[in-house]
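Down below are the structures I want you to see.
Shared between the two complexes below is subunit A, which pairs with subunit B and subunit C, respectively.
Then we have the complex of A and B:
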């Protein structure tokens, strides 16, 4: 029982990342009809917003420490962040320590702009082209973006830790009456799950309870009629692209303490996120979220030792197996709308 | 009435085939004039540096390339000479190799076996490279080593740690200076016993490919030999990025040590995940929980950041050593590039000098002469202390470093501290050791 609870918890944080990326993918597909293979790159750019803010906050002046030597035997140059010398070691240090949560504020305008620029600069030219063309151009864009990031940040993962207050793990097992250490779960992963919940709720509330969201939903259902009513639906869809980019970016920002970001982290999530979208049902926002969590948890279960002993390698293929089963039995996906991608 | 079926296109095809047939003997004649593949005839000799310039190990490859360029400078008599001043063999004079100026070409392995073979092939066939050096993966090393054997050039491996490179996949034209998984186990086991006790229960997470398997086998064997018990060995997909679902069950398994048989991004992520789960702060079986990373690299240590603090592992070499060879290389590299070299850079630098020295001592670039000069060669002054290039398997035998994540680093470069220099006797094994069994060295191939 404790092992099952443990893997459900493990699946939640990965499922959160899948759900957030798939949510953005579905928003773009549902509004603009574009299959965006560069969406993983947006997740990666979000993560590198956190890296960039961390680097900005730790820009340092060099102070020579004559008591120590560097690797060549010269007096050691110690780096002291400007922010610590301006605001004092404790407050300045706290700002640096909280660089990942602070990066949310840093990333939102950047991601909105990146999304806007991507849509206006490139993707809008492919609206009327076949999906294969859209996939090729966005996949190419993803490769370009990751190579640009690699050029500036290198190929190695860059450690971007969570604030000190969120280090360590919580013993769920002890709380539920199991043995100590039976079910432990890192604090930051809990934060990630809650954060994902807030973002997902925010997007749904935005679409459900605002006039803007109502128009977008109407446009998703029947773009032509909304256009005939004199509403500039294209402009709203462009904003939705920016919003989807921001969702992916924020998912990336908060993911950095879980796994040190590197330039190809977007690709690692991209294919799985597409499977999530297809399983959830193309164009269905609740479907994308539900499938994200479902597949995240199933993936965690498949990596349990006794399951791997029965079916070796199941952890690597479980998501695809589930996708095949669901598409065979329910071709529209879990919550797919009738008529979407069916012609 | 004519029954001829010959068309214009058919005539052209026949002509082309006939032309190629006529030209073929000339190709053979031309190449057979050389005694061996890419025999240098002018005033220069070309070396091929095959390193990952793109892909996940690009930074490691960049560091290797810096060291290789430095070696070429030193061989040509430029710079401060580096380890030419400390190398026990005095055959190298700083006037190139056998009087020929050293030039180099580079290839990108992409850390993919097929791409690495293609780039090595191109450097051999198009650029006339007489030796291929570099790489940061055992899969690549084995693939390129096989190619060099077929092509008749020498392969001086870069970072490759799997036992198989000088085990079942060894080749007469291939040489490895880097240590291997068996040596990691043999060096680490006594330190682990001294620091953690002989009554420990280990849980292994292993990258699911050739290198991971051989490392797991080596560490399991050496730790069980000193009394540890292996609770479980779990294979993790090479493409995995989040190891939480593999790490979460560890504490509940009865284990009190986690061994991460991971390298590169796998290592950074699995260690980061293990620290998130607070494993090092836990107590299991009445003992403090410990983590071991058998193969360390400086670049990966930087990637793992604070997470490596206190974690034990092993290395081929570290810039903090204090012997003359290390000092000379670190000074030369540090003054030129502003940072200390990594252990993959050092192995590529040493390999390039060793190849050049072997050519000088053999008096030829002929691979068979070079092989003879390197087999059984004993040397010192390149940073690893007294070293033997064993004739039976072309593996270097030298001291191995046990290192630990530095608790109080003063710069981005001293993230690791040396715990022990394990003497070579402790890591030496018989050439027919079961972990290295199978395959045969064969005989040298001069090509041509």
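Then we have the complex of A and C:
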């Protein structure tokens, strides 16, 4: 029992990332009908927003500290971040410590803008072109974005730690009454899962309970009719593209403490997220979320040792296997609408 | 000739002449001149031109003719490489059995993957092939590549290499001087090359290049035959309107599957040749970025055209080699005629696009091609030709109308 719970928990953080990226992909596909191969790059840009913010916050000046000396007896120069010298050591230090959560605020406008610019500047011209062209141009864009990031940040992963308060793990099993140390779970993964839940709930609430969301849903169902009613649906869809980019970006921001960001992290997630979208059903938002968590958990189960002993390597291929089976037996995916991209 | 019409024969001849004289054509600059770094006539690069040419020709048979965009073709390339290296390890260092095995094995894989993937079309097909390729890649990296396990087929991260204690039933495990024997074609060593000095120029002719080039010409010829055959016509019809084909009571699946298998075998051939030139196979050949690369080549050259993929493969491999060689020192050398501040600025601007950053250039070029020139270089060439023709025509018209106006 506790082993099962542990694997479910292990699957949750990756599953959250899959679900968030797949949600964005589905938003874009459902509204604009575009297959966005650059979505992984947006996830990566989000992660690098966090890196950038923590770099900005730790810009330092060298101060001579008279109380300390180096081994030759000279006064020691220490680097003090400007933030600390402005706001005092405790508050400034706290800001630096909390740079990853703070990066959420930093990333939202950036990601909205990136998404908006991408849609208006590039994707807009590809609605009438075949899907293959959309895949290709966004694939090219992904390469470009990736290389730009690589140019500025280098090819090595950049560790970006979580706030001190969320470091370490807690004994989740003991809380539920299992024996101690059976289920140890890092705090930050819990935070990531809760964060993903909030974002997903927020997106659904936005679509369900606001007038804007209602119009967007109407547009997803029948774009032409909504347009004929005198509503500028293209504009709303552009905003949805920005929103999808922001979702991917936030997923990236919060993922940085789990995995140090490098320039190709987006591509690694993208392939899997596509598989998630396909399993969930192209164009179905609940499907994308459910499939994201499902596949994340499935992957965690497959990497258990006794399963790997029976079928070696199953943890590496389980997601693809599931996708292949789903596509062949139920092409519209778990929750896909009938007739949407079924062939 | 060879069952081709006049136009195709001349195309084949042009390609044949170009590949045969490539060591001269690609080496236009004297060895000592500053432009020598633009020379592409060294064996390693020329081999890559033709091998990736084969890969792209094969991909084009699938994508160009049927319109099915496969994002997993690199899997066949990797499988071909692995099979060839295994043949070198177990049988002999002759490249013929290695190439035959790599084509057969990748063909078998293509039958299985194609049979499943071709049940869907459009994006689903792309994602299915991508999933299969990633599966192959992950397997090659983890389970099949774990030296400790009993089924270590790929040797994981290190890559599959030749060893001194390999059996090599028909050959020798080690040469007399105790080194690993080299790949050969009935004694003709693939590594062997001749260098001819002609004044300031030096041209190198490598056996490996000529073997690959001849195989490339053969596969180009087969591709022409496929394009012009009724079978090729059928594939084009699939691209145009698959529904209509189905409505006429014809099952398109055997045709698309055949196209998929043929292109998979081409990829396997390319992979096998790669291993023949350098007997080493690594899993990174199967990664999906490698699949993306062949898509880039085909699109850049012009999908659905005969010569396009070869051009695209050449262009990308040339760019990869030349652009990645340019560094700041070279740039400073070029722009030394500018005033100092301006020189630094120009170098600073160009710097991100060359050297290690050449992928950025590649991405930009690729985007530009997809956006402005969906037909690739071939379409670009045609447009320019049309422009020239039209201008000539309008000149003629103007010449005719002017006297009347007077």
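As a convention for this text, the second predicted complex is superposed on the first by the 328 of 343 C-alpha atoms of A that agree within 3 Å, B and C clash if a C-alpha of one lies under 4 Å from a C-alpha of the other, contacts with A are read in each partner's own complex, and residues count from 1 in each chain.
Keep this in mind: contacts are C-beta pairs under 8 Å (C-beta built on N, C-alpha and C of every residue); 3 or more make two chains touch, one makes a residue touch a chain.
Here the structure is a predicted model, which is why all the values come from computation and not from measurement.
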First, second, both or neither for A:316, with subunit B first and subunit C second: both
When both partners are placed on the shared chain, which of subunit B and subunit C touches more of subunit A: B
First, second, both or neither for A:265, with subunit B first and subunit C second: first
Touched partner set for A:168, first subunit B, second subunit C, both or neither: first
Touched partner set for A:8, first subunit B, second subunit C, both or neither: neither
Which superposed partner A:324 touches (first subunit B, second subunit C, both, neither): second
First, second, both or neither for A:190, with subunit B first and subunit C second: neither
On subunit A, positions contacted by subunit B and by subunit C: 150, 316
Contact set on subunit A toward subunit C in their complex: 35, 122, 125, 129, 131-133, 135-137, 139-144, 146-148, 150-151, 267, 271, 274-275, 278, 282, 312-313, 316-317, 320-321, 323-324, 327-328, 331, 341, 343
Contact footprint of subunit A on subunit B as seen in their complex: 54-59, 232, 234-235, 237, 239, 241-242, 244-246, 248-249, 251-252, 265, 268-269, 272-273, 276-278, 281-282, 284, 299-300, 302-307, 319-320, 330-331, 334-335, 339-340, 410-411, 413-414
For the subunit C and subunit A complex, residues of the former touching the latter: 67, 69, 116, 119-124, 126-128, 130-132, 134-135, 138-139, 141-144, 149, 288-289, 292, 295, 299, 352, 357, 359-360, 362-364, 366-367, 370-371, 374
Touch list for subunit A against partner subunit B, complex: 2-3, 6-7, 9-11, 13-14, 68, 70-72, 76, 78, 150, 154-159, 161, 167-169, 179, 181-182, 184-186, 188-189, 257-260, 262, 264-265, 268, 299-300, 303-305, 308, 315-316
